[in-house]
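Some structures are shown below for you to check.
One chain, subunit A, links the two complexes that follow: it is found with subunit B in the first and with subunit C in the second.
The block that comes next holds the complex of A and B.
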């Protein structure tokens, strides 16, 4: 009698657990296959968020869906437009409140490489963490995450996509999906990339600009340089990935007007006024420039480095010291490039535009594609 | 007092057991591999280097300097034992001092430290790796230590400010070039081995500013620090690509690092 009870109990438990496992079983996922230039180097992926096709498919839909905002009118793509290399062309972005934000919209490209700190002031250390901030921010999307999760649960498409990618809908999984879609935004087919692969030659002007870009000037050996390489790495053209090496005070403000920058994160006075050196890929289409969008054109940016530098106590010594004429006076900081050199550097910066990336349909709005399919 | 036969047997047996135990345990201890920590402590002369907040006397002239960033490459570590030599794989370590700690270190696992006789490493990047686009160890062509693929790496990066009366002079020392790559050898005494598997090295920034003529005179180490003449930082406040200047600084690599 006792034995029979135990057998029955075990059988019931077995059946119940099997049903439970079957119902909650995560469906099979498939890793994204991607290629990237060898010179980009090692890439960073979090262990708890494998780059699956299912999560990218979901992330792409979320990225373009205004459901993420409280008034259902603002999506990530509002401030990150593909044609502008995922920037918005504004000085500083404007979200749901209509109040201009503190910062210029950052280009989203090659995010698996370079600094592991996101936002201009580096205040978060993962793309997952970054993804949630704008959704909750009162001026950006002002969305209550709990309410968003309820709305997503009421949407059959999202229910299916989340189930396939992660099993269920949660804040964490929203973040993971958005992060993974952004990781697939790889730009590696600019004229500079083609040049690096040996497929094309740069024009004489572009080549002159490339050399200037890659050189810190040294008058002692008659080496002229634009000094870009001191903050923008040679292949990625982003800030450096190690520690806070990718952050710099590039002389935009004096001590009186210096903004907190990286200090926001570290509380280290030496980090006051340091901002993330952004990638320069597609830089020709991501105006205006700097963390507050203060420069409208690349000419203005070059003019800044060529005589517009303001002194402050955390200003990079590399900027103070970099000069193409032997220092005669120390109070005026300038690269002292000539006009010809400035146009050469700008010509080189234009070789970083990747038209295929800007038009790649895999990165475009899935809603547009759905509508097109209906036609 | 006479020992009984059984006491004698117990005693002999016990001694044998103890000896065997000691032999086994000492053999075990000697043979046991452990992590070897190579630790670097930055100094300016006798004073520990503190970034940003601390000032130091210009070694060869007027004024005081402070350091904002200091990084260097230690590479190709070779560990020489009584019977063999181990070369660490992918042996490129970026040593930097902007963290929360007063030192920087790296660990080489599974080393029979007790048998270690000599240790050698290079300051900088060997010419083969310096001329290649390689992702090995801490080598990263997209890092701050890389110039560009035609020039190679900065072996040492030292940036700061020299305050001279009212004026401030930026200090920029980016020291690279194949010719600057310097191999250093150290004898590892048994008492060093005993320090919990840590070998402590002192890096003395002042050594970079020793006048080359003094150093070049002979290979004998100078006995007194007072005998050394130093470069005036205000006369050589930035060194990047001028081969003569690079050499003047890099010659200090020979005396740059010592066992603490």
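The block that comes next holds the complex of A and C.
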């Protein structure tokens, strides 16, 4: 009798563990297939977060789901709207608390390239780490992660999606899914991209602007330039990816009003006032501009570089030095572009708009698609 | 084909001039150990993620029919400290063509092009993309319409009246049977469409008028372009000895200048590669054209007055016949130096860039191998500056043997290897012999991200 009891107990344990294992078993996943422009350069994916179709599907749903916020009303997409290249059109974003946040919403595009530090002040070094910050931030989504995990576990769709992507629901897997969805947000079909592939020609004005964008002015050889490329790379138009090369003090404030910027991360005084040079992809639809949204239009941005630069101890030397007129006064900083040249640079910036990206259904809300299906 | 026969004869005539103290060429991969190797390996591992592609090169490989291989474009690891040194990381099979592809070029907008030595595909564009693993892959290889031009050699992009324009030299011109063949193709750099084929055959222009014949090297400054007149690609007896200036305002040749005096092996000098030394290369430089002569074994200088737009009498700067070198080929440069490859005895000479257009040595010759030709410059993950030299003249070979590179008399100029050297000291750090390792010849090498657009050729 005793032996029979033991055998039954073992059998029950075996069956229970088998069921548990089967229920929690991570299913086979499939890597995302895509091609990107060669000239964007190499990208690295974290070894512990392969870019799978299942994780991207899950990440897309999470991105658009207000379940990530404590009042179920704010999602990532609240501040990152696809039609605005995943920005929100506000000077600085407003989250669950209603208090304006410290920064302008950053565009989410081509995130596998460019600086490996995220947010305007570079305070995190991975997309996975970045993904959790807004969820937990008291002014943004104010969501308790443990409670979020409970709620996700009570949702059959999420249980299924997490199982397919990672096997289980956890903070790390929420972050991985959001990061991977954002990695797929590749913009590579703007008129500029089509130009680079030889598919179209730019207009004369756009081409003039492109040349100015790509040139550091050199009065010795009569080369006029907009100096943009010193901080925004030729193909990605983002900041450079090496170390902190993608961060710069572009003369927004003087020493008295200089904001911490990259100093927040490094505690290095030479990094005070340095902010991330953002991608200029889709820049025409991502106003207002700068880390605090102080400029409403591209004209205002160009006016800043053309005479509005404020000197400070960490001001980029590339900005100090760049001038289309031979320097006569050491304290005067301006590109000295003429109106025609400013118009041309803005015309070129408009060629960076990728309409296909802004309307790509693969990046849109899955809930909208589900609702349409319901209709 | 005729060019290689002539070169072989030239080499025989010059025998005794070349440096006999050569390094062994038997090892497929010959890593030279250095005292700092351990440190380099440590740093390599540490930095491998960020430096992963700077040490990669793109090469044009020619199949050897008797060895059962076919033509391809490959990406090779070039860091001698890497465990993958010399390995093909990616290989794209080329279509079967009547002659090998010969040169690779990146346009200023990052588009990749190749010239080809035949008639079926004398110019091609190669589409590069990245796959989901971030690996560079070729998505398309397209032979471009050249209006029937043959034997593409060099490409240069240059602004003409504010428009970026692509210029290509076609040594075989529009008809390989013409004894004075040769054209310069002018293409829309954006659409690849032919704008004009510049043709001015010697037999078709009046005596004393400028002509274009077997153009190979090309370079430009302002509204003046220069092309060389080297050798007929198929008719052995036809060899040039001039350079021709093209007015880029009219796209017409305006002056032909003889670059020749001694004829050390009895043939015309055969100017091959050319470099228009200009202020965009060295600030404040006095402009001049530098010319390498294939059979003259010399480097010449032709001073240019930019104000009057006139060229002065050519001056011989370097005489290979007395210096023990032959078959000078390419001009390459970095921020500090100009490099000239000499197929015999397989060396690269180096000159102070700031002293141009004079040739002032900046260091010891880099001892590569027979056929020293194209080169790339790069840094290892540890930050060590390197130069890699492709040691192979051509892979045209002998149809009788049905093997483009196994012809005895070409051995001196077809080592089939790339040798890797420390740029500072010239020390050889490694060697990849493509024939031994892959049963293929190597026609060209280009850094994966290009070698820079101004100094190349």
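Worth a mention:
The rule is simple: the second predicted complex is superposed on the first by the 351 of 375 C-alpha atoms of A that agree within 3 Å, B and C clash if a C-alpha of one lies under 4 Å from a C-alpha of the other, contacts with A are read in each partner's own complex, and residues count from 1 in each chain.
Definition applied: a contact is a pair of C-beta atoms (placed from the backbone, for glycine too) under 8 Å apart; a residue touches a chain by one contact, two chains touch by 3 or more.
These figures come from a predicted structure and were not determined experimentally.
Aligning the two structures on subunit A places subunit B and subunit C in clashing positions. Judged by the touch definition given at the top, the superposed model places A:195 against subunit C, while subunit B stays out of reach. In the superposed model, A:51 makes contact with subunit C only, not with subunit B. Shared-chain residue A:221: touches subunit B and subunit C both. Look at A:235: by the touch rule set out above, it reaches both subunit B and subunit C.
In the overlay built on the shared chain, the residue A:321 is in contact with subunit B alone; subunit C does not reach it. By the document's definition of touching, both partners, subunit B and subunit C, reach A:40.
Stretch 329-337 of subunit C is the one among 293-301, 329-337 or 437-445 that clashes with subunit B after the shared chain A is superposed. In the three-chain superposition model, subunit A touches both subunit B and subunit C at residues 38-42, 220-221, 234-235, 242. Residue ranges on subunit A touching subunit B, taken from their complex, read 38-42, 113-114, 214-216, 218, 220-221, 223, 229, 233-236, 238, 240-245, 270, 317-318, 320-321, 330. Residue ranges on subunit A touching subunit C, taken from their complex, read 31-45, 51, 195-198, 200-201, 220-221, 234-235, 242.
Those residues of subunit C lying in contact with subunit A across their complex are 49-50, 52-53, 109-111, 125, 127-132, 134, 136-137, 139, 190-192, 279-280, 283.
By the touch rule above, subunit B contacts subunit A in their complex via residues 52, 68, 94, 96, 98-99, 133, 135, 140-144, 146-150, 159-161, 167-172, 174, 237-238, 240-243, 245.
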